[in-house]
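Below is one structure, written out as structure tokens; the observations come after it.
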Amino acid sequence: MKVTLIGLGRMGSAMAPNLIKAGHSLTVFNRTRSRSEPFAKMGAAVAETVGAATSGAEVVITLLADDQAVESVVFSADGILQQLPRDAIHVSMSTISVALSRRLAEAHDERGQQYLAVPVFGRPEAAAAAKLFVVAGGPAPAIARCLPLFEAIGQKTLMVGEDAPSANVVKLTGNFLITTVIEGLAESVALARKQGVDPRVLMEVLTGSLFSAPVYQTYGRMIATDNFEPVGFRMPLGLKDNRLLMAAAEEAAVPMPMASLIHDRFLSAIAQGMEEADWSAIARLSLRNAGL
Amino acid sequence: MKVTLIGLGRMGSAMAPNLIKAGHSLTVFNRTRSRSEPFAKMGAAVAETVGAATSGAEVVITLLADDQAVESVVFSADGILQQLPRDAIHVSMSTISVALSRRLAEAHDERGQQYLAVPVFGRPEAAAAAKLFVVAGGPAPAIARCLPLFEAIGQKTLMVGEDAPSANVVKLTGNFLITTVIEGLAESVALARKQGVDPRVLMEVLTGSLFSAPVYQTYGRMIATDNFEPVGFRMPLGLKDNRLLMAAAEEAAVPMPMASLIHDRFLSAIAQGMEEADWSAIARLSLRNAGL
Amino acid sequence: MKVTLIGLGRMGSAMAPNLIKAGHSLTVFNRTRSRSEPFAKMGAAVAETVGAATSGAEVVITLLADDQAVESVVFSADGILQQLPRDAIHVSMSTISVALSRRLAEAHDERGQQYLAVPVFGRPEAAAAAKLFVVAGGPAPAIARCLPLFEAIGQKTLMVGEDAPSANVVKLTGNFLITTVIEGLAESVALARKQGVDPRVLMEVLTGSLFSAPVYQTYGRMIATDNFEPVGFRMPLGLKDNRLLMAAAEEAAVPMPMASLIHDRFLSAIAQGMEEADWSAIARLSLRNAGL
Amino acid sequence: MKVTLIGLGRMGSAMAPNLIKAGHSLTVFNRTRSRSEPFAKMGAAVAETVGAATSGAEVVITLLADDQAVESVVFSADGILQQLPRDAIHVSMSTISVALSRRLAEAHDERGQQYLAVPVFGRPEAAAAAKLFVVAGGPAPAIARCLPLFEAIGQKTLMVGEDAPSANVVKLTGNFLITTVIEGLAESVALARKQGVDPRVLMEVLTGSLFSAPVYQTYGRMIATDNFEPVGFRMPLGLKDNRLLMAAAEEAAVPMPMASLIHDRFLSAIAQGMEEADWSAIARLSLRNAGL
């Protein structure tokens, strides 16, 4: 398949080799051109502009930092909306607002192009290992055409239905639930430690019984050992995703008190010098507040 | 083994047959005598008093509603403390306060008796199916002696260490984490529904990817379908366990804002007529607050 | 003084007659022209465009609904920035974001115009009675020139200092504190009623002792009698001001958990059909949650 | 009047001289006898036991630290309940639980004694200056008999009605509202400081306009200057009063999310070494969380 990948950050860079390995004809574009070099060596074409990257593609994947970055590659004069062929597919993998996803769906539809919202769950390591969970929203035929791509990067593709922005809602919800796991474990470890219980024993019991999901194991270990390295997902990105969730909640008039609590945690963490830390380091706040 | 079980509520009644089947010599005691009848038919001895139930036992299991009930069978004139033979073991399975567990550990120790705190995770169905998770705290030799009992009722025994009350901390923490899962899913489902996402699809994606633990499946299904039957654990018991958690947190000066949020949820639920509902019905509050 | 007032909503309409009565030469502009009629009869000039309203003015007061409305009258082609004479003063009375206020200060400064941020405290009745509290931020000489205007509409002018946007911070903070008073009283009344205490007696005692400020009297009466009429400030405006506060807090990395709680209250209120109610009706949520 | 005062802590010691000055015949009792000495010199009788202090009194005022202290002087063998003459009055000024106040009302009623719940608002300085606000609950004739006492210690007596425990609800509510003022001001000052606004200017504007009540002035000054001396009311007492409030709320099934937030603040403050500080120092947490 003729695939273009726009955005070579941590996630995009981890994903690109898997697309090449799976035999697709990959073109890459990144604002900072130097990040494209390694992929050129693996056989990818390197485009000089978004337009050039898009004009001949069957599928364009965007994997960018935020709404603004996506808007700029889609709506600019030489952007995806202008250059993408009819019936070709824009696969938006970035974590963006539900509102922007809805706008993209409408804009592509008006031009006879296909739009899929396909956020992924997984940290960069999972992307490199082709172990992502791929959450796909949009028209079934377009999803069917893209399945080989999704299989090249993920362990499983989960369908959300015809309405593409639903996939963004699901993604934001998933990230929200991860933050509630982090906060819940943080409060629990603070209690355990001050009640004289070894937090590693606590985690063994919990993950060995009711809380067997990997997310408890991963974050439980980090929190129990008070070690939040390596940094897989920086604090400001956590704040950003929380902001997108709360924007979707405000738009729909849904109070989410746990999300509000997490919002305040991210602000505290950034205010207290943890801007460069992994988002899970909000757990430190529960420990500090308890005098630990 | 000569085992006595004091307390034939939902959990005790589900557990007793498994002890008999495993070949132990079981004596039962319940304040309301009629609840003992079915077990007499299965071969259990029925004691008329706590003292009689205790005086010849190797192991006395208590499985009662709250601190007060446990205090009354342990510290009364003809109670467990008076009647339990030296070196015999009191296995406290009730969800009680950390403070009472500590007091029990000391009181039994002074009398040369053994004390284990052995709370379990699992609803009555799991108890009936011998699928409980058994969390054992206390001296290793005493735990070793009781292992055949734990294996008769559970799928797995998890050791917490020599300090018995640590098992109570772990139990309260586990129940707290379940409530955070319920609340997190409830807020998520409210958002999904008002954003036009089918909550069953949301749950399929979440439990099919990051949140594979049974606790997400069980409560996710209840919340997505807005059906909180059958009632496995009544609302006031949820409030009680939250109160015990917060008491342990206050004692150790540990702020737990999520636990505070759950506390308010339980009070709202009871105030709004959900006293007889399953504790997971606090999820209804997120739906109501969002106008659903 | 040659004064222009742009924006004849509830507050602007209540304020305009006081400017005329004080002897100022008033020009008014409102997008919906019909709202200007009553003031024409009182002697105000009615401008057809923002530009015409602005070009000869010594002082232009804007009193509009939100950031977007202010941006559109200031930054448009025939807008205030283009038409305001050098050294003339833009007095921004709208409750807008701190960020926009900062942008306005810079833009006017570049053009040799004066900018003051002058939000007011008080409901429309207070504006009509010339009883507003006027909070003035910006260069002292410009404030001095405008004092006659402020005295025409308010009971007191409070100076915030040279940095105009500081006045917006103070205004948002004041509105936030009002919401905390409403919420605090609401929770208190819910408790009192369910403990059998007459809420009017509660309010008499509280406002007769420690909480003598008018804000407690005004809202205390509304909450104690469960009567939130008349609607002085609609729910979505409350939500908007809370959003501006939280944006300023996020920008500066300041967690404000009480503001987060209020945010969730506004969303609940709107979701539950209180969109047209006075913002103080968030108090109903505390009563409902308590089963009242 | 023949009055007995039991409890010579900060508040009792500040109040006693005013009772003597007003011409009453005062007997004092304090567990630590040495605290009675200064009052003996002023002319008070010093009783050796609670019983001796009570047996001849027309009115016995108790002003003690907590429920337990009150229970012990009332219900012990030689306690107030045993020794107070028929028709004599027990005036309970301590901040105690609503539940205990109800129990006291019933117990005294059964013995033909009078019971009034008469908590006061004001710090020790106010007690010394006879400037307390006296909140009186109970039968009107008994209150009428005690009015000369209340006038000797306070600036104003506020009636709550025939049901004595209502006065305790009002008192707990008032203290709760003070904590919400502290928290609201703390969050506001954190925002102001990080947005470059002088917090003293903020306070001048706020207390000079909408928030003129003394409670805003007192705590506003402390928070704006980050100076929480002198210690008028220690942190653990704040936690205790919050606990009594939340117990009353739980008893009546009333969720109070702001009270929960304050609860967590008190625990954080104590965990972080502020046990000896004034309760208003919870404001430091908002500053710390914002990185100040």
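First chain written, first letter: the chains are A, B, C and D, and each begins at residue 1.
Here is the rule we go by: a contact is a pair of C-beta atoms (placed from the backbone, for glycine too) under 8 Å apart; a residue touches a chain by one contact, two chains touch by 3 or more.
If you're wondering where the values come from, they're calculated on a predicted model, not measured in any experiment.
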- Task: If you tally contacting C-beta pairs, which comes out ahead, A-C or B-C? Let me know.
- Result: A-C
- Query: Can you name the chain that lies farthest from chain C, using the mean of each chain's Cα atoms as its centre?
  - Reply: B
- Item | Where chain A and chain B are represented by their mean Cα positions, the distance between them in whole Å | 38
- Roughly how many whole angstrom separate the Cα centroids of chain B and chain C? 53
- Message: Could you work out how far the Cα centre of chain A sits from that of chain C, in whole Å?
- Response: 39
- Query: Going by the touch rule set out above, which residues of chain B reach two or more other chains?
  - Reply: 194, 249, 253-257, 261, 264, 267-268, 271, 289-291
- Could you pull out which chain B residues touch chain A in their complex? 98, 121, 133, 135, 156, 158, 160-161, 163, 165-166, 169-170, 173-174, 176-178, 180-181, 183-185, 187-188, 190-192, 194-198, 201-202, 204-206, 208-216, 245, 248-249, 251-259, 261, 286, 289-291
- Item | Residues of chain B that touch chain D when the two form their complex | 243, 249-250, 253-257, 260-261, 263-265, 267-268, 270-271
- Across the complex, what residues on chain C touch chain B? 194, 257, 264, 267-268, 271-273, 285, 288-291
